[in-house]
Amino acid sequence: MMHHRSDLAASPNQTRLLGVLRSSQAEHASVAAVPAPQGRRSLLSYGLAMVVLTLLLLVLMLAGLMLGSVPVPAPTALGVIINAMTGSEIVPATWRGVYDTIIIETRVPRVILAAVVGATLAAAGMTIQAIVRNPLAGPSILGVSSGAATGAVIVMRWGLISLGAFTLYFSAFAGALATLVIVFWVARSGGQMTPTRLVLAGIAMSSVLSALTSLLVLTSPDPQLAARVLFWTLGGFGSAQWKLLPLPIAALVIGLGLMLVQARRLNLLMAGDETAAALGLNIHRFRQAMFVLTAALTGVMVAVSGVIGFVGLIVPHIVRFLVGADHRRALPAVALVGASFTVGADLVARTLISPLELPVGIVTALVGGPFFIWLLRRDAKSGERSS
Amino acid sequence: MSIEPGSLSFDKVSFAVGERLLVRDISLDVAPGEMIGLLGPNGAGKSSLLRTIYRTNRPSSGTVLVNGKNVWQQSASWAARHVGAVLQDMPADFPLTVRDVVAMGRSAHKKLLEADNDHDRALIEAALELLQLSPLQARLFRTLSGGERQRVLVARALVQQPAVLVLDEPTNHLDIHHQLQLLRFVQSLGITVIAALHDLNLAAMFCDRLCLLNHGRMEALGTPEAVLTTDNLARVFRVEATLTRNPRTNSVWVMPA
Amino acid sequence: MIVHSLSRSIRLAGFLALGALALAAPALAQTYPVTDDNCGVTTIYDAPPQRAVTLSNNATELMLALGLEQQMAGTSYMANLTISPAYAEAYAKVPILSPLVATTEQLIDAEADFVYAGYPDGFSESRHTRDQLHDLGMQTRLNVEGCNLGAFGFPQLFDEIRSVAAIFGVAERGEALIGDLSARLDAVKAALGDAAAIPVFIYNGGDTAPNAVLGNTLLSQAVAAAGGENIFADVANRYGAVSWEQVAEREPQYIVVFYSGTAGGQAVADPDKELGQARVDILKATPAIANVPAVLNDRFILVNSVQGQPGPSTLDAVEAMARAFHPQAFGQ
C-alpha cells in the first residue's frame, strides 16, 4: 500500500541518480560514474595556494633572519644561514664570529618562535570560532591570556615554585590552565557547554584576572614585578631561546595534528549544535575536548610569548576567504598564514623604528584592530541587507 | 551502506525539560518505507519528539528504536548513518559553500582522517543534481534563498544514506510549488519518512498515516481519513472545519471556517 | 639539530676565548674567583670582566665612578639625559650602544661579557632575561635596588658599589668612592646642623592623580639627607598613585620634580624641558594644590633619573636639594 499516491513519475535521470544515492561503496564501481570536475579544479588551486603561502612564510622568515637591531650585511647573513643549514663552512666565514651568534642564537629562535606561536594561535583561533560558532571570537576570549599573566604574577610575588629559567613560563602556563578549569566549570551546565556561556565565562574570568593582576602588581613591593608582568600583557619574541622552543613546537605539532584528525567534526560544529548532533557528532563531549585542546595550546603560547592579540581572530577570516571554511583545507592554510602574520609583524616591530623595537602586540593590534572593525561593519551591512 | 528503508519505533517515549513534560508517553511504530506525518498545534511536541530520533533530545524515559536498535545506546555516528534529519534551517555564520554543506552528510560514514573518495563524490554530485543544486554548488550557503537552503539540507540528508528520514517543518520556507515538489520528491525516495507538518492538506496528500499530537500527548493515530475528523480538529486545533475530498488526488481536504 | 650544534661550537669558542683572556690578565691584589649573590642569581667570576655593558644611566655612572671605562664595551639607556660632568670625559671613551636599553643583538655585537642593569626592568622576558644572557656567555648584575623589597638607603648604595668593585677586582677604588660619597653626605649634614626638616613632595608625573615617589626609594632618603621629609615616606613602596587632596593636606614646602628621559617607552629629545619643566607646569596648573606652600612660593627643584636613581650622582642631588631646602644653612 506504500506510495500508492505517488503521482510523479520518476524521470529516467532521477531514477539513475537515486540509484547512485542508494549505492554502497562496493557497488560504486558498477554505477555510472559521476564526474567531479569542480572538486578537481579547486584541489589544484588549493595546492597552488598552499605553495604560495609556504613560499611567503619562507621569504618572511628569511627576512626575519636578515634584519635586526644590529645591521648584519645581507651576504654575511646568508652565509651564516647556509653554513648552519649545511653544517659545514660552504661559504668562507670571513665575517666576525658575533654575526654567527646574533643570527643563530637570537634571530633563528626568534623567527621560529614567532612562526610557531602565530601558527598555533591562528589554528586555535579557527577551532575556537567553530567551537563557539562565532567567527568573531578568538583565543583571548577563553581568559587564558589573563590567566597566564596572573599565574606569573602570583609566582613572582610569593615565589611559590622554583624551576630556574622555566619558573615564570611554567607558572604562566599553570595560570592559563587553572583559568581554563574555572571557565570550563562555569561554562558547563548539566553536562552541556553552550557557546554563549563559554564566551561569557571567558570574558568574566578575563576581567577578574586582569583586575587581580593589577592589584597584585600595585600592592607589591617588588620593583621587578610590573616590568616583567608587562611581557605577558604586551607580548613579544625578544627573549626567544633555543631551549624554550621544544615545548611550543611539540604543542603545535600535536595540536594541529589533533585538529586535522578532527577536521570533519569541526566542520559539523559550524552547522550548529542540532545539525551537528544529527550528522553524528557527540556535540558536548567534542566541544569540551576541543576547548581543552585549544585552551592548552593558547596557554603554552602565552607562556612563552605573552599575549599576541588578533592573530587567532583575523587570520582564520583571511584563510576562509582564500581556501574556504572546510577545516580539512583551512587548518593547514591557517597555520601557514598565522605563522607569516606573526613573523611579518615581528619584522615590522623590529624595523619600523630601528634600532629600537616596538612590542609586537602593538603591531598586530594596529593591523588586526582595523581589519576586525572592517569585518564587523561588513557583517552589519550584510545583516541589514539580508533582513 | 546503502539506502534501505528502515523501521522506526517509539516505545513509551517521554521528554522533559526541567519539570515540564514536552513529550508524554508516545508509542508509535513506523514500518519500513512508510511516510508518517506529525500534526499538532504550536507547542504540541512535534519537534521535541523528532529530536529524540536524531540524538538532540535524550528521552527522559522510553526508547527510540531504529531498525530495532535503541539510537541512544548506539554511537552518534551509527545514528547519523541510519537517520537523516532535515531541520528548519541551519545557522550560516561561516562561509560554507553549498557543496561543503552537502558533503557534511558523509561525516558519519568516514573514519578519522579518511579523505572523500570517488564514492563520496558521486553521492554528493548525485544529491546536488537530484535537487537541482549543481549550478549553485560553489555558492555560499548563506547567500541562498530559504527554498534553496531547504533543498541543500535535503541533499545533505540524502548523502547520509539514511534508513529513516526526519523532516521538521520542511515546507516552512517554501512556496506552494516547492512544497509540493519537495514532498513528492521525498515520497519518491521510498525510504521511511517521519515529518512534522503544518499544512493538514499536504499531510493528507502525502502521508500514509498521520499522528496527531497535543500537549505532548498522542491524540490520534491512523490514516488521514481516521485522524482528520471534525471532532479531532475541534478538540486539538480548536477550529470548526468542513471536510471534503481533493478532486484530483481524492485525499482528505480540510476547510476551516 | 644542525643549527643548534653549530651554535654550541660557537659558544664553546667564546668560552675558550674568555679563558684565554683570563689567563692573559695581570695578577691582581684581589683573589678570584669572586662569588656574587645578586637578586637570587649567583654568579662566579673567575676573572674581572673585560667587556662590560651597562643598561641604564645610573649603572653607567657607577662603573665610570670606579674608573672602569677601559673594561667597558658599551653603555646604553642614557635617553638624552646629561651625564654628570665628573664622568663626561670617561663616558665619551665608551661606545653608546643605544639611547634605550641595549637589545640582545647589540649585546652580542658588542661582545659583552658582563651586563649591568641599574633599573629593575633591565632584565625581563620582554627583552632579555639574565638566564638568556648567561647562555650567551654574558654574566649579569642587577643593582640591588631592582629587587629590594624594603627601604633602600645610602648603606645599600654603598653595598652596591662594593659588590661591583669586587667583581672587577677594584675593591680599594670602591672603598675610596664610598669614602668620598660618605664625606659629602657628612658635609651636607654638618652644614644643615639642627635645621628642622621641611615637608617635601616628590612628584613623578601624572595629572588626574599624581604619581608619587614613595618611602622605599633612595630618592626619599636623599630628600631626608638634604634636610627634607618626603610627605609620603610612610608608604612602604617605590612609586604609586596618590591623590592631589593628600598632597594638599600634607602641605609640602618644596616639590622635587623627578623625571626620566623617556615617555611611552621612547626617548624624548629634550627631557629637561619636555618632561621636567612640563611637570612643573602641571603642578602650577593644578587647582587642588594651588594653596600649597611650595606652589605659592614657586619652590620646585628638578631631579632627573641619572641623579634620582641609585648611583654616585645621587649625592649631587642631595647637595642641590639641601641648598634649595635650606639656603640659610649654606650662607645664601
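By letter and in written order, the chains are A, B and C; residue numbering begins at 1 in each of them.
The definition used in the following text is that contacts are C-beta pairs under 8 Å (C-beta built on N, C-alpha and C of every residue); 3 or more make two chains touch, one makes a residue touch a chain.
It should be emphasised that the depicted structure is a prediction, and the values quoted were computed from it without experimental measurement.
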Farthest-lying chain, centroid of Cα atoms versus that of chain B: C
Central subunit by CA centre of mass proxy: A
Highest C-beta pair count, chain pair: A-B
Distance from chain B to chain A - Cα centre to Cα centre, in angstrom: 38
Approximate Å spacing (C-alpha centroids) for the pair chain B, chain C: 77
Residues of chain B touching at least two other chains: none
Interface hub residues of chain C, defined as touching at least two other chains: none
Residue list for chain A, restricted to those that touch at least two other chains: none
Complex contact set, residues of chain B against chain A: 1-4, 33-35, 51, 54-56, 75-81, 83-85, 87, 90-91, 93-97, 99-101, 103-105, 107-108, 110, 112-113, 115, 117-119, 121-127, 129-130, 137-138, 142, 156, 158-161, 166, 184-185, 187-190, 205-206, 208, 249, 251
Contact footprint of chain C on chain A as seen in their complex: 68-70, 83-87, 97-98, 100-102, 104-108, 164-165, 168, 218, 221-224, 226-228, 230-232, 234, 236, 238-239, 241-243, 306, 353, 355-357, 359
In the complex with chain B, residue positions of chain A that touch it: 1-3, 5-8, 10, 13-14, 17-18, 20-25, 27-28, 31, 33-36, 38-39, 129-130, 133-135, 260-262, 264-265, 267-268, 270-275, 277-282, 320-321, 324-326, 328, 386
Contacting residues of chain C [partner chain A, same complex]: 2-7, 10-11, 13-14, 98-100, 103-106, 108-109, 111, 120-121, 124-129, 131-132, 135-136, 145-150, 216, 236-238, 240, 266
